[in-house]
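Two complexes follow with subunit A in common, the first pairing it with subunit B and the second with subunit C.
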Partner chain A sequence: MQGEASIRSAGEIPVSSAARANESLHEDTTAKLFLISSISYFFIVGIIAVLIAAKFVWPQLLGTIPFLTYGRLRPLHVNGMLFGWLLAADMGLMYYVIPRLCGVRLWSEKLGVATAALWNVIILGAVVSLLMGWNQGLEYAELPLPLDVMVVVAWIMFGANIFATVATRKYTQMYVTIWYCLGTILWTAFVYLTGNFAVLFTTGVNQANLNWMYVHNAVGLIFTPVGLAIAYYFIPKSSNTPLFSHKLSMIGFWSLAFVYVWTGAHHMLHGPISQWLQTIAIVFSLMLLIPVWAVVYNFFATMKGQWDQLRDNVQLKFLMTGVIFYLLTCFQGPMHSLRTVNAIVSKTDWIPGHAHMAVLGAFSFFAIAGCYFVVPRIFKTNLFSESLANWSFWLLLIGGVGFFVTLWLGGFWQGWQWNNPAIPFIDTVINLKPVWSVRFFSGILMFGGIVTFAYNILATMVGSKGQSEKSLPV
Partner chain B sequence: MKDYVYPSIFFAYFFFLILLIGAIFFFFRSFKDGYWGAEGEDVKYRMLEDDGDGQMSRAATSARGESSNKKDEAALKR
Partner chain C sequence: MLRKADYSAVVFVVAALGLFFIGGILTTVIPPIVDKSWAKPFENSDPSKGVTGKLVKLNDLELRGRAIYVREGCWYWHTQQTRTLLSDTKRSGWKGVDSPISTPDEFVYDSPHLFGTKRTGPDLSRVGGKYDEQWHRTHFKNPRDLVPGSIMPPFPWIANNEEEFKAMVAYLQTLGRAKNWRPDNDYEK
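Showing the complex of A and B:
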């Protein structure tokens, strides 16, 4: 499987001695640790995901064993995927990208290793606490208070390392990836502290409002900017083509910075919050189309004349499919904020369909592409199997599309049934069983994609010991 | 029991205000630093070379031109 010809990375370019010398500038120990652990969690939490999808179809599955009930597995799935896989993978990729864009070493590799160790302690602590039912009971903010404090400490360590690296950069002007990364660090501080600490002192409607501001901004001001940071770096790098317009990317960045924070209340439409707050959330949600247009147009224009590279470049397949999912999910968001649409889809399966397309379809696809790009380089070897990488792409794509489409259609159907007072609630649950069956089988396909991806990456890491530097891919 | 609802909401909005002020400051600062000027596009060519593990495509090289290389060298802090 590992023949030289068959495993060549697409767009492979001979490596100059200067490039090798420059590569030796970077240790990448922190990036390695974050990527190894995040990909492992992706696989482990993927098993949890399949289990809870199966529970929709077979509610009696696993009986009444407390730590295997839906109420405990679901927060573990959400937190494991968000913080164990995606954010950790994004952090690992930032530890790789930022020093290179700045032309300097990472400020402190020791601090980075300590951050990786602390992050793993947090994730393992989360597994134990959530399975034991120690849960704050707030969406996306389920982790107990001591773990929240540790997250803040780890984030300060991460932020200090990245900011100090950027402060010592060789070049005055910063590429857009650095802007998004710095934005992520600052916005996460605001979003996380508000959503996990300030919210504890509120009650009733105010607590729900603050919680939904956190939930929406966790996606919009944490995973969106760091995901775009990755896409802005790896699309030009993987296609070996300059970005269409850096100024347009700046418009996207600043419009995101000024618009996103107000949108969370659109999850509370028709609820007991002020009408003016609902209207503001709708207006700012619609204004999100500005940064989305700026980002997506930039990426498509970058690929103009380069689309043929998608035939044999698996990183670009993930990246550009992720861009399409990003476009779709960011069209859904503003539409969901309209009062008429919201009256049907709010609280239905449409919402997890939308959230999965953002977090899995867009940002996880970007992170997977980044892993396929980075891991062979930092381990100075070739990718274990190009064909396995393609399998992971198609399994995740087909499973993902099946999952998203099923939940959107099922969610609409569910909403229409809920709006008909003649239909008893239990009938709407029974009616949705076929939808949940498709969801489960789509989940099996997606898990197959995760397994092939994780195996491919870990086999690349393990196989790197026997590789010579002559085979360093580009 | 003391009601902490309003102090915590004010805390959240105060935090948001700090970030808003920071965003406005750095937005206007980005004009001063040349991100919106004639040389605002140079950085996208340089990123293809920064880690030294890629060679720019012919299209990228010709689009950038030789003059940009000199500008980048001048932009180096050290």
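Showing the complex of A and C:
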């Protein structure tokens, strides 16, 4: 029993009390730089996102300008949101969270600042090369080789800084957030090398298999663990409640480490890839329910009796909505991998609905919550506007749900029509036009959410100089 | 045992990478070793064994066309796989003939692979030989002139650039042609 008690407290000590004592220890320059740049890209790439959605409704729009065609904007949208916004925001939050959980300063702010600078060079390089059509032709791995090399260097700089901080930690026990962050750094390294370098030495189905291993795990072993690292820190922190169970955290983490990497081939179900590999991918896709349900149950149980806090706490609104989206998206994933379901939804508009719920609905919501928590504290001020923050939540939620649900219904219908070869393909395109219109207007709402979020954060930063005295409790 | 990983970063790293590598290696390194068909180019001259044909490497012009296909991001919009679904073989078919399914041996030389994940426009795995050059020229200038209701963007800078246009059409006409699947041999050029 004593063991249980000391493990229980592992959820409490670093998160709710000990961090408070050393607040003046932290410089947070790196975290600031990463958050500022990532939120700027969120806004800029949001414009591109709306433009892409508009092109589905008005196909001639900007159609005579080569670098503004759908085929060049889409990789910019995907890479910009994944690496410019989300991963950079996640990294910024890790630069804030990890030193606090370790009770020491970030190992090197200088290295951190250099990492932030390099990251911005990479993103700007990506904008230029993708618009020029310098594209490797592999999904999520579009960036040309020199930029890939720079990503690896930046990742090593990030990883070294975090690992060195953890190595010098004051608290012996590592909180769940630290596991997920270290796991992200390790797995990403190998997943990224596979998807961007190993693929170049292969062709055909072999290359596709490596590509899907990367694509799947870019979400599963990069954005999932770092997103959960954020949720594991900010849910207890924002609600001032200890985490429910250490044991469940362990089940969630170690099962994720084992099962996620097996599932890449489920992107090729019914396609030209060995049936036995498809079956393995299906079996492990179903097992993904284990880490997901362990994590989600832990979060819900933590919030038991605390749900009323959501009324006045915008971070918790984002966090717990993100948890629900995470649960839903990770229920969809295993279901898509069943051969019968896959025969309907695969390659349809259902899939972007699913992908946006994961990346925007779950992981971006976690990151936004983290930004709302962290930015006022590192700028030693209050949030510019609570009501604007609530607006950003409701706009993103309503726009997001509109987007997801429309594309699921539309995509399912589309797949249903495809499976009846008597319907000419073009009729299935024409039938989907109302769906794409609703998607466009949902996109406008989501963009409104991004604008209010970005403006609120910017105004908080700009307004911070005058009111440094009244800072929030850390 | 994993509880040790709470306290020791070394134990943690070993466990996290160990668990990851089991699945990582078994699903990426092992499959091409076990399944030889991934690397063996399609070739069959015996009609009793199914559709005949031979996979040949693309020539320079066709490779140039393929590079334009990659540059313009056509692969975000069109898949190149006739899946093991009846409706796929019907939709990839032509003039009442069903298309054979796509098999790994048809893609041995492809890099980057262009299987695609999203089918906003029709699948192109058997488009080779379905439409002639004039059709493609009109279609690239404005897809809606030939296919009312299409939402494909216009590509005038390809249609009006003779070098790029020829390359693009040459590439498209190779798609799916490793398998000689149309009994009347009625392929357009």
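Quick note on the criterion: the second predicted complex is superposed on the first by the 449 of 474 C-alpha atoms of A that agree within 3 Å, B and C clash if a C-alpha of one lies under 4 Å from a C-alpha of the other, contacts with A are read in each partner's own complex, and residues count from 1 in each chain.
Everything that follows uses one rule, which is that contacts are C-beta pairs under 8 Å (C-beta built on N, C-alpha and C of every residue); 3 or more make two chains touch, one makes a residue touch a chain.
Values in this document were obtained by computation on a predicted structure and should not be read as measured data.
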>> For the combined arrangement obtained by superposing on subunit A, do subunit B and subunit C clash, or do they fit?
In response: clash
> Which holds for A:Pro236: it touches subunit B only (first), subunit C only (second), both, or neither?
Replying inline: first
>> So in the superposed three-chain picture, is A:Gln173 touching just subunit B, just subunit C, both, or none of them (first/second/both/neither)?
In response: both
> Of subunit B and subunit C, which one touches more residues of subunit A?
Replying inline: C
>> Just checking: does A:Arg377 make contact with subunit B only, subunit C only, both, or neither of them? Give me first, second, both or neither.
In response: first
> Counting only touches as set out at the top, which of subunit B and subunit C does A:Val429 meet: first, second, both, neither?
Replying inline: second
>> Which partner chains sit in contact with A:Ser245 here, subunit B, subunit C, both or neither? Use first/second/both/neither.
In response: first
> Where does A:Leu101 make contact in the superposed view: on subunit B (first), on subunit C (second), on both, or on neither?
Replying inline: first
> Touching A:Thr64, do we find subunit B (first), subunit C (second), both, or neither?
Replying inline: second
> With the two structures laid over each other on chain A, which partner does A:Phe190 touch: subunit B (first), subunit C (second), both, or neither?
Replying inline: both
> Which parts of subunit A are in contact with subunit B and also with subunit C?
Replying inline: 172-174, 186-187, 190, 194, 198-200, 202-204, 206, 210, 213, 250, 254, 257-258, 261
> Tell me, which parts of subunit C touch subunit A in their complex?
Replying inline: 2-3, 5-7, 9, 12-13, 15-17, 19-20, 22-24, 26-28, 31-32, 34-35, 37-39, 70-77, 79, 81, 83-88, 90-91, 101-104, 106-122, 143-144, 147-157
>> Give the list of subunit A residues in touch with subunit C in this complex.
In response: 10, 55-56, 59-60, 63-64, 66, 69-72, 74-75, 133-139, 163, 166-167, 172-174, 179, 182-183, 186-187, 190, 194, 198-200, 202-211, 213, 221, 250, 254, 257-262, 264-265, 267-268, 270-274, 277, 280-281, 284, 343, 347-349, 351-352, 418-421, 425-427, 429-430, 433, 436
> Within the complex, which stretch of subunit B touches subunit A?
Replying inline: 4-5, 7-9, 11-12, 15-16, 19-20, 22-23, 27, 30, 33-36, 39-48, 50-57, 59-60, 63-64, 72, 75-78
>> So in the complex, the part of subunit A that touches subunit B is made up of which residues?
In response: 13, 15-16, 18-19, 21-23, 26, 100-101, 103, 169-175, 177, 186-187, 190, 193-194, 198-204, 206, 210, 213, 233, 236-237, 240-243, 245-247, 250, 254, 257-258, 261, 305, 377, 474
